[in-house]
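Only one structure is covered here, and it is reproduced in the block below.
By written order: A, B, C and D. Residues from 1 in each chain.
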Amino acid sequence: MTYTVFGESHGPAIGVVVSGLPSGVLLDIDAIGAEMARRAPGKDRTSTARKEPDVPEILSGVFEGKTTGTPLAAIIRNTDTRSGDYSKLKDLPRPGHGDYAGFVRYAGYNDYRGGGHFSGRLTAPLVFAGAVAKQILAERGITVSSRISMLGGVKDPTDRQVDDIILAARDDGDSVGGCIACAVSGMPAGFGAPDLGENAEGIFAKHLFAVPAVKGVAFGAGFGFASMRGSEANDPFYMDGGAVKTRTNHAGGINGGITNGMPVTFEIVIRPTPSIAQEQQTVSLSRGTDETLVITGRHDPCIVKRAMPVIEAAAALATMELIGI
Amino acid sequence: MTYTVFGESHGPAIGVVVSGLPSGVLLDIDAIGAEMARRAPGKDRTSTARKEPDVPEILSGVFEGKTTGTPLAAIIRNTDTRSGDYSKLKDLPRPGHGDYAGFVRYAGYNDYRGGGHFSGRLTAPLVFAGAVAKQILAERGITVSSRISMLGGVKDPTDRQVDDIILAARDDGDSVGGCIACAVSGMPAGFGAPDLGENAEGIFAKHLFAVPAVKGVAFGAGFGFASMRGSEANDPFYMDGGAVKTRTNHAGGINGGITNGMPVTFEIVIRPTPSIAQEQQTVSLSRGTDETLVITGRHDPCIVKRAMPVIEAAAALATMELIGI
Amino acid sequence: MTYTVFGESHGPAIGVVVSGLPSGVLLDIDAIGAEMARRAPGKDRTSTARKEPDVPEILSGVFEGKTTGTPLAAIIRNTDTRSGDYSKLKDLPRPGHGDYAGFVRYAGYNDYRGGGHFSGRLTAPLVFAGAVAKQILAERGITVSSRISMLGGVKDPTDRQVDDIILAARDDGDSVGGCIACAVSGMPAGFGAPDLGENAEGIFAKHLFAVPAVKGVAFGAGFGFASMRGSEANDPFYMDGGAVKTRTNHAGGINGGITNGMPVTFEIVIRPTPSIAQEQQTVSLSRGTDETLVITGRHDPCIVKRAMPVIEAAAALATMELIGI
Amino acid sequence: MTYTVFGESHGPAIGVVVSGLPSGVLLDIDAIGAEMARRAPGKDRTSTARKEPDVPEILSGVFEGKTTGTPLAAIIRNTDTRSGDYSKLKDLPRPGHGDYAGFVRYAGYNDYRGGGHFSGRLTAPLVFAGAVAKQILAERGITVSSRISMLGGVKDPTDRQVDDIILAARDDGDSVGGCIACAVSGMPAGFGAPDLGENAEGIFAKHLFAVPAVKGVAFGAGFGFASMRGSEANDPFYMDGGAVKTRTNHAGGINGGITNGMPVTFEIVIRPTPSIAQEQQTVSLSRGTDETLVITGRHDPCIVKRAMPVIEAAAALATMELIGI
């Protein structure tokens, strides 16, 4: 299983092609729509006011409602785009965004409008692909779930705290970052290898770092291992009705790069949205001078809530690749 | 550039094949030896008493002292192996090790002696490959360095603290984990892409998670982003003698999956060594019963010090892949 | 550079996503259209009467007429589809087609209408991608051309012979196969390697065998080498105005898996179109009985003419991958 | 399954690393030796007088005689090397060899002695890997066989003809090329896909073109398709005791890039050995002048006989990759 996400924020359409899917899986279009809706903006004041209908059109790979096993392509037309908002940004890279790195990488030819190919909007087709993956995994008893494990410095925030933190940042013309904890339950033991490109952590990380704004990935106890001793970190084995299990799961379900049958658990960190209302320092790429910049337009003060289905999608796709479905 | 590490701890030899190297690079064998020595155990009481001469024999890919551009293979013969120490572990997987996951993955046929292919000893050929990569990168002005950023819960420990923490764990028959901060300086802007398998963070993570015991990878401010606001997290651009730079480097030199010309900085966490002297709970794989286990033999109470050249090697190899040398 | 072709003959659309293109290449849409037209059916009595407008819609990867360097996606809507023609074929695999192999591969869930994902129609997006590749190569002085080198047993046929051979087969309710000779001129020396997955012949072959109906690929003197001696087969070197050239090019521009600066030349063979009007023997997949089958509908008596731009497209894409543009 | 062959003809050793093997396969070392012996030179006057003991030393991936599932590495020490024979060739590329292309590719730093990494000697570790693959395939009922289908222009030569043709060329200070027909029997239906990088023909071709001197690969009727009509080329289906089979196998066991359950059959062409005793035209790479060259040393007048186990090895490894063992 592999996929390619394509499109630019203000181009004709965005989409995804997923190769290597199993055939014969009946797709639940409503469930896919529900996942898309979790990611969609404009639901309340904690996200951008932009409306994105996000209705994917499946072009291939599905016949009579079931996957064919051939490449599955789906596109989402771009509609609510206001290119005028972005034209002045062509010369003034926005701090924290991929504008400058992309300018160098693509020699100035990338579509700068709305972040172009770097736009968080590209996560919509990723969620679509992940929703398909989730259904395939569910048939095998594997489920993916997530929660906000930190937001704006508050650990394990309540829903109320989440909204308060986001709205406070919004009122300051600012944004906040956070962490998402994710679990893949029902993962069978014995997938992965210690080797480069094959180890389970590396495969998950490959998919997770392909999600914009993810800056860290840690499994099980994660960075907490640096404050632990081996006697605490080691997960004791025991027999549970004929199955080998561990009493704790500090390893996050992976030892030696291979799944051990416990849930794969990991935490990722998402940087604060770079688009903030405050004045920022930048440079003019054409003149080579220091400049200031105020970003206008509609932006999320925090994308952590909306990122949950995206992280789950990446985890589901990573699981597909790992177990070779 | 890609590489394959092969070998088992108690087999005839371990080694590595590196493909895709540039030709014509004069190898500094002494410098390679120095990197190997940084990783080698047995130097003082903070590491295992095992002696590993770790003298690699280059079999191919080097002619008249220079790389040929064809696959470079090097092997290290295994000598100081005491297989008797491990025979009883065949049935009793060690908590925190890959024994059980590997038993499932390889259907019980993997070499269990000394951890087999999971052994930390396999990092010796990785350091060799990394030492070669470092020399190739140095010709292009790119250097890799690292430091211990946390150990046993102490942030930015002094050398003295490092030794104290390790020896205290050793005296308790225990082990400790820690973090390593690494920087790749001189990295040019414009390498990577936002896309799956091509983004800079993902490529680094792939190489870093292939190092045994690494359980987390985070770039720039890393998990600290979850306690930051955008106004603090965004790195302001400025002109520095004709070059675009950022005043801070919270992004760790990567925006939108592409290098931005600042040093690539990241932190990794290494779990406490799973081999500890204390009695642990395990199971009998043949009988399906709960058991206890005491691991004997010579083991590191902490591998963080020895892991520094390994992490640098993985970072150097990742950089080679990323910039397509 | 890599690409994924997606779609089914009777699905909503077919298309292609091309990753890894260089940025800043101004696309000549008319030239792309001309390539598409070379492949399009319905031009005269030597091809199927089906009309395929084949107007690709570019969805991403192009901005202000130039490539952005991000994934380029294009789709072609399916319009002139008559699904009724094919429904009875669901149970009766057509000899020479991928129906039966696909039935096993996809467990019966693939779209069987019009050949589904196996349809020659899928070569339309391939020609689109190849047309883009050709323009990128042309900027570097590399051109791709082809000719029919054999048809229905006639070597190097004239245009008149080509039409006569095809129409004769058509009149017999039959079809014919043939060979296409292709040359990539302006190919620089030094690309490729002897190694698996990197050798020039292997990269070309990978792309060429992905074209439906191609059953053989041979470079330079090809299968003629089996009737040659070394003294005849070896291409003598000589200096030509400071450049190393060979007086003959039996090697097809490749030695040791690496380009040698001479044109890359190869020949491919295309099997006769499997869809013929004559009664054929097949089986019922549901009943497990021997059956006879008469294929109705509109089919090409020969696809060799239309395959020329497809083979050139595959060669152009292979060249892109080989030289790492 | 993938592999990397490493080494140079006159370096310390040549070898191979095979990744992705199944675990628990008991290796028959004698059978491996027999395959190596089939390839080894020096058996009679039809091959070079060089002696190559070709005894591989397994370094990893085998434990208690069985594969472990971790990377399997084996090396063969180089012993009978006479570097003096080759020193003058550094500046004068041999026609038909990879010398010049390699000189450009590796900027003059590759090991030119005895062909270096281009040497046919590198096929020894390939045969080793193939012998392992054959044993794994045999457990699943899949066997690989080959025969000389053309030599020096003679179709389907007898053993006596083979020797006569080779010795006649040798007496003329010349060499001859030929074809090998290969069959993979017991191949199950349903492996492969129409898509780039996944189609069965492309996977076989990738492995076959990685064998030095192979210049063409064709499946089933191969280039004979160009002289056939569809009514002849199509393989009629019939039921054979509950199994779907075809009465002919012109498709070579592959339709639409997917195996159809019939034997996979293909033919490859091997160019005449480029090392001949006659004077040849070349150039001086340092002086840029036209030169003549007489190659001395011990060389094969024909490698087709010795190539049979090599082609079978490549076919076995391709099969492993294709069916995902």
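By our rule, contacts are C-beta pairs under 8 Å (C-beta built on N, C-alpha and C of every residue); 3 or more make two chains touch, one makes a residue touch a chain.
What you see is a predicted model; the values in this text were computed from it and never measured.
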{"item": "C-D or B-C, whichever has more C-beta pairs in contact", "value": "C-D"}
{"item": "Most distant chain from chain C by Cα centroid", "value": "B"}
{"item": "Approximate Å spacing (C-alpha centroids) for the pair chain B, chain D", "value": "37"}
{"item": "Rounded Å distance, chain C centre to chain D centre (Cα mean)", "value": "26"}
{"item": "Intercentroid distance (Cα basis), chain C paired with chain B, Å", "value": "45"}
{"item": "Junction residues of chain A, two or more chains touched", "value": "4-5, 19, 70-71, 105, 117, 193-195"}
{"item": "Chain B - residues contacting chain C, complex", "value": "19, 70-71, 193-195, 324"}
{"item": "Touch list for chain D against partner chain B, complex", "value": "4-8, 11-15, 17, 19, 23-24, 57-61, 63, 66-73, 75, 105-111, 116-117"}
{"item": "Interfacial residue positions of chain C with respect to chain D in the complex", "value": "2-5, 93, 95-102, 104-105, 117-118, 122, 150-153, 169, 172, 174-179, 189-197, 199, 201-202, 205-207, 209-210, 212, 214-223, 225-239, 242, 244, 246-247, 250-252, 254-261, 267, 269-276, 278, 280-283, 285, 288-290"}
